[in-house]
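Sharing a structure with you now.
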Amino acid sequence: MSRRLRLGMLGGGEGAFIGAVHRTAARLDDRYELVAACLSSDPARAHASAAAIGLDPQRSYADYREMARAEAARPDGAEVVAITTPNHLHAPMATAFLEAGLHVICDKPLAMSLDEGEALAALARRNNRLLALTHTYSGYPMVRHARALVKAGALGSIRLVQAEYQQDWLSEPIERTTSNKQAAWRADPAKTGPAGCLGDIGTHAYQLAAFVSGMTPSHLAAELCTFVEGRALDDHVQMMLRYPGGARGLLWASQVAAGCENALRLRVFGTQAGLAFDQEHPNELWFTPVGGTAQRLTRGRVDSAAARHATRVPAGHPEGYLEAFAQLYADAAEHIHAMAEGRAPRAEAMDLTTVEDGVAGHRFIDAVLESHRRDGSWVALAA
Amino acid sequence: MSRRLRLGMLGGGEGAFIGAVHRTAARLDDRYELVAACLSSDPARAHASAAAIGLDPQRSYADYREMARAEAARPDGAEVVAITTPNHLHAPMATAFLEAGLHVICDKPLAMSLDEGEALAALARRNNRLLALTHTYSGYPMVRHARALVKAGALGSIRLVQAEYQQDWLSEPIERTTSNKQAAWRADPAKTGPAGCLGDIGTHAYQLAAFVSGMTPSHLAAELCTFVEGRALDDHVQMMLRYPGGARGLLWASQVAAGCENALRLRVFGTQAGLAFDQEHPNELWFTPVGGTAQRLTRGRVDSAAARHATRVPAGHPEGYLEAFAQLYADAAEHIHAMAEGRAPRAEAMDLTTVEDGVAGHRFIDAVLESHRRDGSWVALAA
Amino acid sequence: MSRRLRLGMLGGGEGAFIGAVHRTAARLDDRYELVAACLSSDPARAHASAAAIGLDPQRSYADYREMARAEAARPDGAEVVAITTPNHLHAPMATAFLEAGLHVICDKPLAMSLDEGEALAALARRNNRLLALTHTYSGYPMVRHARALVKAGALGSIRLVQAEYQQDWLSEPIERTTSNKQAAWRADPAKTGPAGCLGDIGTHAYQLAAFVSGMTPSHLAAELCTFVEGRALDDHVQMMLRYPGGARGLLWASQVAAGCENALRLRVFGTQAGLAFDQEHPNELWFTPVGGTAQRLTRGRVDSAAARHATRVPAGHPEGYLEAFAQLYADAAEHIHAMAEGRAPRAEAMDLTTVEDGVAGHRFIDAVLESHRRDGSWVALAA
Amino acid sequence: MSRRLRLGMLGGGEGAFIGAVHRTAARLDDRYELVAACLSSDPARAHASAAAIGLDPQRSYADYREMARAEAARPDGAEVVAITTPNHLHAPMATAFLEAGLHVICDKPLAMSLDEGEALAALARRNNRLLALTHTYSGYPMVRHARALVKAGALGSIRLVQAEYQQDWLSEPIERTTSNKQAAWRADPAKTGPAGCLGDIGTHAYQLAAFVSGMTPSHLAAELCTFVEGRALDDHVQMMLRYPGGARGLLWASQVAAGCENALRLRVFGTQAGLAFDQEHPNELWFTPVGGTAQRLTRGRVDSAAARHATRVPAGHPEGYLEAFAQLYADAAEHIHAMAEGRAPRAEAMDLTTVEDGVAGHRFIDAVLESHRRDGSWVALAA
C-alpha cells in the first residue's frame, strides 16, 4: 500500500454534516491521516471542534491563510486539503492552498461563478496540483459500471437521457423558522451563489447524466421556481435538453418534492438497450435490451474493471454513500501519488471527478440562469 | 342488476388487439351483450371476423353507415357502439351513430383535430347521448383513489406534476419492415392525425395528470422528435408545464425508450404530501407526507368510495388492465341507464372519461404542435 | 371459436365472493353462457340471487339434485356446472352432476376426505367427464412459464422448494364476532372439513409447488397451530418437506400473518438457477442463474407456448387474478370440447388442474394431519 | 470524543475478506488505531501482510501467544484484539488474550463447541473483559429499530417468526475445485466445527430472529442436508421452531440457493402488526398493521434512540454492511471505555452482541445437530 497522505480539513466543525462525511470517507480506505484543520473561522469553535475529533491543537487553525502558510512550511505538513465550507469560500480557499503547493479536494459547486471556476482550473493546471471535486454519486460502483456499459456500446447510440433529483427537506421555510445551519447558508445568495436547488442538487443530476452518458448537451431550455414564499433562491428547476447528434433529455431537481429523501435517478436509453440507476438503491443497476428482459445487475457480480475497482465487499453486502464518497478519496490519493511519481494514475482512477467537472457545472448553471431569464428559451452551453 | 345494454362494435376484426380488449371489457362486468358489428370495411373479412366471435351473421356489417341505419331501425337494435378503428374514422363513425340516436364509446384520441372533437362534443350534447372516451388508465381503482386523495386535500396544494409514458415497441421502423398493422396505421398521418407518440400515449399521460391532479396547465413548452429515420410522425415528445397558481410540471412520452413495456407513471407533489402511481403495478399507490414515511396503499384496503366502486376482488388478488377497461364500460352503462331514466349517474360513475376529455386532449395536442413549431416557446392552452 | 358451453352454477348467491369470481371468469373469454343455477338452498334467496344476475327464473333451483335431473333432461340443459359452495357440499354435488352426465368445475379442496376425493376421481373417469379443480394460481401465465422452465431443465436438477402463503384476515375471531359468512363456514369443521388454514390456503401453496417443480414430496413433518382462541380449526400450518431424489423444502401457510393480504410465494432452486414467483405481482417471474444476474421475466415478453397460451394483453398491460381464473375456465372448455370430439385437448390446456390435483391435495392434508398428531414426525405421503 | 483504543488483529492477512472488513469497520468511526497484529502463523506471510497495511514490523507477530505476552507487557500495548481466523482458533486465541487482560472482538461462531463457548463466557466474566461477537447484521439501524418496535409492543404479542438466509456461493464443490481459501476452511470440520452452513449463516439467521423478536425458541425440529457431493459438512439446514407461549417459526439457511447473494431476511408477525427486514436492502424496514397499509420505514426518518444511535448519514443516503460492522466496533469501544471507567455503557450500546450471543448460538447448533441425528424430532434448547 502507498503511504498515507497527510490531510488538512477546511470547515466541518461540530454539527456540520458534510465535514464528518469527509473525515469518514478519507479514513475508510486508509489512504489519509488527518493532521491539520481549520474547522471554523471562530478560534474558540475551531479549537473545540479540533479537540472533539482528537486533532493536535497545534495544528488547529482559525485562519485558513495562516494554515496554508504554516502547513506548507512544515516538513510533515498537510499535502492535501478538503474544503467543506459554504460555497463562497471554495475559490479563495482552493486558491490559497493550490498556491501554497497543496492538492485540494473540494465540495461542489466548485465556486461562485464560471469565471472563478475557470481561474481555479487554470491555477491547478499551472501548479500541477489536483483539484478534485466531490461529485459523490459518481463514486458508486454501479454508476461507474453504467458509464462503462455506455462506453462499451452496450446501449447502442444514446437517444434519451432522463435525470432527476428530489428531496423534500426545504418544503417549509426552515432557513427562517429553524436554526438549521445548512438551510441557512444554502438559502443565502451571498454564501451559496446565484443558484439554490439548481446549484446544490441540480448540478449533481447534470454531472451524473454527463458522467454516465458521456455526453454534454449543446442546448437547454430551463426555468427555475421558488415555491416557498420568501425564499431568496430557487427550490425547483426543470429543463429540456438537446444533445449534439439529436439525443434529447429532461432534467429536474426539486427540494420541495414532498416525501422524497434523496431521490437521484438517472435513465439512459439507446438504440439497443436502456439503463436505470436510483441512488437510494445503489447496489443495483437495471439494464434492459429493446424488447427484452430487465436485468438487475448487482455490485459484486458485474465484472467491469471500473466497478470492481470501486467495490470493497462481495455481492449482497450493501455498500452505500460513505463508500462512494471514500472512492473519490481513494482515487484522489492515487492521482496525488501518481503526480508525485510522475506517472499516469491507474486507468480506473480516471473516473475521479475534478475541477473540470466543476467548470462544466458552472457552464450548466449559467446556461440555466440565462434560459430562465429568457423565459425558457433554448440557450447554448458554453463550449 | 340493470338490463344488459345491446352493444355494437366498429373495428376490432381478427388480429386487432384493441377490439378483443373492448369485447372482453364489455363482457367482464356483464352489463352488455354484443349484438352487431362492423368489424372490417371488407365484407369478407367482416363476416369471417363475425363468425369467429360467434356473432349473428345478419348483424355483421361492412359499411358502418348501413349499420347505423339498420340497427337504429330495429326494435332490438344496438343502443351503444364501441369505436375501435384507426383515428381518422373516429369522428365520422361517432357522428353517424350519435345522429342515429346511439350512444358511443370511442378510443382516444377522439378525432383528427380539435374542430372535429368540438363538433362531436356539441353533437353528443345536442342529441343527449353519451360519448365516452376510453382513457383506460383512469379506470384503475388506485388512480381513482389518487384523484380522491387530491380532491380531499390530502396533498395540500399541488406544487409539482410529473407524468411520463415509455414504450419501446417503435424502437425500430417496424411500420416499414414488418407487417404489424397497428404500427402501420399509427405511423401514417392520414390515419392517425398529426401527432404520433404524442397522440397515442402522450395524451394518456396528459389525461392521467389532469384526472388525478384536478388541474389543467395554462402553458406548455414542448418539442417533438422522430428518432427512427424515415418515420412520418414523432416517436418522442417532451415538455415543461405551467399551471395556474404556479405549479410546475414535466411530461414526456416516448415509444423508443429501450426496454420499456408500458411504463406510464405519475407523480404529484403537494405542500403536505406526495403520491406516485405506476401503471405496471396498478394495485398500489404510494403516498408519503413531507418528511414522513412512505405508505404503500393497496386496492382493496383503501376505503374511498371511488376506489371501492372500481374494485372487484379483495386486496392481494391483483386486478389489471382489462378490469380498468371494464370499469369504463361499467361506468358508461350507468351513464346510459341514467340518461334513459332521466336521473344523474351515481356519483362514483362520474369518473368516467368522456368527449370532454377528448376535447381537452386535442387542445393539448394543438398546443404541443404549436410550441414545437415555435421551437419550444411557451404556448397557452386554449381555454 | 368453439360454441359457448352452457354453464350451471351451484352456490355463489348474493354476497358470496367466489360466486361472482366464477361468473366473471367464465364470461371473460366468452366460452360459456350461464343458463342455470342453484344459488342457495333457500328458495327465496336462490330466486332473488338469480334475478339479481339476470338468470331465467325457470332455471333457478333451490335443490341441486332437482337441478341435476332437470338440466340433464333438457336438450338445452347445462353441460357443465361450477361448484362454489362450502366444502362439505363439493362431493355430493359433484357426484350428482357427474352421474347426470355433466362436467364439473369445482372449488378446492375437492372434498371432505381422501376417500371422497378418490371416489370422485373414479366416478369422473368412469363417466368420462371432466372434473376440473380451481387452483387459480396455476392459471397465471408466469406460473405456467415457471413450470415450463423447470420442465425444460433451465434450473438444472431441483434442490430446494420454498412455498408460503400468508393472509391476515383471520387474525381476530371474526367467525364469532362478525357476520362474515365466509369466515363462519370456514371455521366450522362440519362444513370445511378437518383442515382450516391448511385446507383453505395450504393446499394452494402445496399445489403451486408441485405444479411448478414437477415434484411431489415423499415425506413431510408438519404441525398445525390455532392462534386465535376458541377457533375450531388451525389458522397456521408449517412443515418440512423431503422429495424423492433428495430435494428439500419448507411450506407454511398462515391466516394470522399480520399485514399480509394474499401473499402466496414460491421459490425453487436448482443446480443451475433459481426462480421466484409472488402472486401479488403475477406479471413477473424472477430467474437467476447460479452466481449470475437476476432477470425479471415478464408476461408478454417470455416466449414459452405455455405462457403465450394464457396471455390476453401485451407486456406492460397487467393481467390479474380474474384472468388467471378465466384461464382455468378456458382450459376446461377446451377439455370439454375435446372430450365431445373424441380428441386430446391442446397441449397447453393440459396445464388445467383437475380432480387429480384434488386427490393429491387430500393426500397432502391427510399426511399433515397425521404428522401433526404424531408431534411432527416424518410421514410418508400416500402414493 | 473518547481516546482511540489500541487494537490488535488476529488473522486477516492478505486475501482474507473478513480481515479487511474488520480493519475498515474499526477505522470507520475513528475509535480505534491498529497497533499490532498476528496476520498469519507463517512468519513470512505475517510480515508481508503487515507491511501491506502499513503496520510497524516490530508489532507484527506470527505466534499469537507471543503477541498476547508482548502486547500485554507494553505500556502502549494493544487493549483489544479482533479475532478473524477460522473457527477452531477462536477459543484458544480468545482465551490467551482474555487471560492476558485484553478485550476481545471475535467472529462468529464463538467456538467449536458449547463447552468451549461457555468456558469463554466464564473467563470473560471472571476477568471483567469484553468478549464481543460480530453478529454484523444486528448493527443495522433498521434491525435495531425493529427490535425497539417489538420491545415497545408495536407488534402486539408475537405469533410467528420467519428467518431465512440464502447464498449460492457453495453451489459447486469449490472447496475442492478452486483455490478459494474461505471455501476450503469452511468445508473442513477440523477448522470450522461440526456445523457447515448451519454454523456459518444459520447462526446469523437465528441470532437476528432472537435479537429482533426478543424470544428464544424452547424447541426445534431440524434437518441438515449436503447437496454437493463429497462435501464434508451441511450446505443447507431447515427447521421448525416452537417458542414458549406458543409462537411458531421456521428457519432455513442454504449456501446452494441458486441466484442468491446474501439474502438474509426476517419477518415477525404479532397480534397487531408485522414487520419485514431484508439485509440486502438494509436502509428500510416494512411495518404493516393487521388489515392495514404497509409502511416503508427508512433509516434517518425513524426516530427510535436505537436507530439514531446507529445512523451516520441522513435518510436517502444509504448505509451498508461496513457501517453495520462499524457499529459493533463503536459499541464495543463504548463498552470498553465504560468498563475502564467503572460505569454502565450507554443504553443504546447495549445492543452490542457478545459472548452470550455466542453461547446461545452454540446451544442452537447443538440442538439442531441433535434433532438432525434424531431424524428431525423436537429437541429442547438448553436453557
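As written, the chain order gives the labels A, B, C and D, with residue 1 at the start of each chain.
Basically, a residue touches a chain if its C-beta (ideal position, glycine included) is under 8 Å from a C-beta of that chain, and two chains touch if they have at least 3 such contacts.
Every value quoted in this text rests on a predicted model; they were computed, and no experiment measured them.
More inter-chain C-beta contacts link the pair C-D than the other of B-D and C-D. On a Cα centroid basis, the chain most remote from chain B in this structure is D.
Centroids built from CA atoms put chain C at 35 Å from chain B.
Computed centre separation for the pair chain B/chain D is 55 angstrom, with centres defined by C-alpha atoms.
Centroids built from CA atoms put chain D at 43 Å from chain C. Chain B has residues 260, 291-292, 294, 298, 301 in contact with two or more other chains. Residue ranges of chain B in contact with chain C, taken from their complex: 1, 3-4, 17, 20-21, 23-24, 27-30, 52-54, 167, 260-263, 279-283, 298, 300-301, 312-323.
Within the complex, the chain D residues that touch chain B are 291-298, 301-302. On the side of chain D, the complex with chain C involves touching residues 155-156, 159-160, 162, 164, 166, 168-169, 171-172, 221, 223, 225, 227, 236, 238-240, 246, 248-250, 252, 254, 256-260, 269-274, 286-292, 294, 375-378.
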